[in-house]
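In the two assemblies presented below, chain A is common to both, partnered first by chain B and then by chain C.
So, the complex of A and B:
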């Protein structure tokens, strides 16, 4: 996988200080949100933990010796959530799903794949969708199970599939209609 | 006062205490220079002796007022490498000790300072132990009375000081006027350059017709109004030089210095005068910073212009902190901080906080 090219503001020291002036801070958070989304898309990351990402090169620039504080990262995540580009999976564990595609977009992509490969009326496990060789070339390959379930629930609500209960999430089955 | 030193025979000396190696001693008191002397410091005495000349100086610690490193003076009398300690005696004289080693010198200063402190404490304790005068209500009343008396005395002394200051100012002004007069008389044939120089100097020093309360019959707005105009004329130039900002304290000094009269003005009068600037349409205004410091700011630069200037400065230097800005713009630090924050509010610059340092960068992205 090619290395991610950081935007210039990532090597600009003030980026790593939350700006006290409101309008400035708005724009700053927006830039960070955009960066998180493109970074996660590039590396196919579906969720970020607050504590882990505090040491990720995403929020640390060693070349200028600056890092974004955990509280600032939390604000970035909260901003993502409020804009609909993320969802707190577990507020206590501070894990946030990052929606570089939103669940309804994923739903559309998966359903397109189902239709194109003639899988309607067939039953698949969630594990198959995530790890089968057939999906290797698709973006949803190795997708986060929580996010996959959310996306399938969107399809279910549209009447395009039925989800069968299983003991663990990978055991879950889905029948596309 | 006790004799500060004793010249005695070596036999008399009791050489107690810590020994230090010195290269040279110069005593301003006895006008003596000792080469390769020996130095002994005890809690009571400082003994210095030059064996080759049989010379012996003894100083009691109680006659020493303080000790410090001497960095600037009389270096040429010592060898290049010596570090020099200056001992100030309570009679106004001093002695200089040249040490061979820096480490010796710092130990010496530390020791001697300790001894000095001990002496002072002892002295203070001695004076505090005066017998108590009376007990009960009578005692309290007595001590109150004494306090009041003491207060009155201090007040009296303070006014006496002020009076002497005023009379000195008067003398100075007379001298200046006399000098100016004589210069004008001898103008012909003199070096014109000198005259011009003096005039410039006098112009920066003096106000020709300073306003006094007496002229205007004491109190009232009129005095402050005229004083305001005088202040304006006096500080217009220095204000420009100082980046358009001056502390009220500095303004006070300028105004006092510029007044060629014996009548000083009070800080309150100055403040009252400055508060009139707005009404008089003088392009200077008073601002009170968050810290409570009062400053005068020139109105000839408006906030937007200042913000733009700061932005350009920050841009040219990549980044800037308040201290650097204060020194570049020649303004008080607190003003520099508030101006930078103003510029930040406008979104022209933004901050980088790192290890408790705040630097401002041009706002390139936000």
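So, the complex of A and C:
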């Protein structure tokens, strides 16, 4: 995977302190939000934990010796969630699903694949969608299981598939209608 | 809620017991795949450990590690075989499903065909075609008779003469040689000639040819 190229503001020290002036802060938050989305898209990261990402090159620029504080990161994540580009995964709100692609977009991609490969009326396990050799060249290969489930639930609400369990196993499967 | 089943309910009912069992098979296949992956990772680790031991000149221990690796390799092959067999079974099941579905549809189609044919016999069809032919023949005779009989006596010749006079009056350049031609054709061509005066020669040859 090629190295991610950071945008110019990432090398600008004031970017790492949340500005008091409202309009500047808005612009600043937007820049950080866009950065998080493109970074996650590049490295196919589906969720970020507050504490872990606080030490990652995403929020730390060692060359200018600056880092974004955890509370600031939390604000960025909350902003993403409010715009519909993310979702808090747990109640303690320290892991956030990052939707650089929204569940309904994933739903469409997966459904297109199902149609094109003639898998309608067939049964697939969720594991199979993520890890089978058949899907290696598709974008949803190795995607986050929770995100996959959410995307399939979108399809289910549209009546395009059914998610169910086996008789014996707890693992989930999906049948496309 | 009074409109009957919600979409979700309908969707849920399309999953049969058979589907669930099939899912179990597939989940088993997935577990085998995961197991294989674990073995693969372990194999790699053993190779690395063996290398390190050789580098540290611990031949005996390296040998033990390699023996472990070989045993693991055998397990991996067995797991691969099992997975292969399972995949075969799954694809057979899928084929059988398609076959059953196909036979069912064929049966329905044949029944449909038989139902339609029940209403007709060959004799009936022949009789019907004869009747139709007679009806058509009768109709064309009727048309012929109606067409040839003119209720009002008209003097066609004098009418045609008058028409020619009118034409000469209106379009003096049209040659009078067109006597027994379809009058509508003549008027049409004459009008075309009027609209395109530059093509007069072409038009004239056209008129002469018709």
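Going forward, the second predicted complex is superposed on the first by the 170 of 177 C-alpha atoms of A that agree within 3 Å, B and C clash if a C-alpha of one lies under 4 Å from a C-alpha of the other, contacts with A are read in each partner's own complex, and residues count from 1 in each chain.
The rule is short, and it goes like this: contacts are C-beta pairs under 8 Å (C-beta built on N, C-alpha and C of every residue); 3 or more make two chains touch, one makes a residue touch a chain.
Note that the coordinates shown come from a computational prediction; the quantities given were computed from them, not determined experimentally.
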| item | value |
| --- | --- |
| Chain B versus chain C as contact partner of A:23, first or second or both or neither | first |
| Touching partner for A:9 - first (chain B), second (chain C), both, neither | first |
| Touched partner set for A:84, first chain B, second chain C, both or neither | neither |
| Contacts of A:118 with chain B and chain C, given as first, second, both or neither | neither |
| Chain A positions touched by chain B in one structure and by chain C in the second | none |
| Complex contact set, residues of chain C against chain A | 7-8, 10-12, 14-15, 17, 19-24, 26-28, 30, 33-34, 94 |
| Residue numbers on chain A that touch chain B, as the complex places them | 8-9, 12-17, 19-21, 23-25, 27-28, 31, 65-66 |
| Residues on chain B engaged by chain A in the complex (per definition of touch) | 319, 344-345, 347, 350-354, 359, 361, 363-366 |
| Chain A residues within the chain C interface of the complex | 122-125, 127-128, 131-132, 156-157, 159, 161-162, 164-169, 171, 173, 175, 177 |
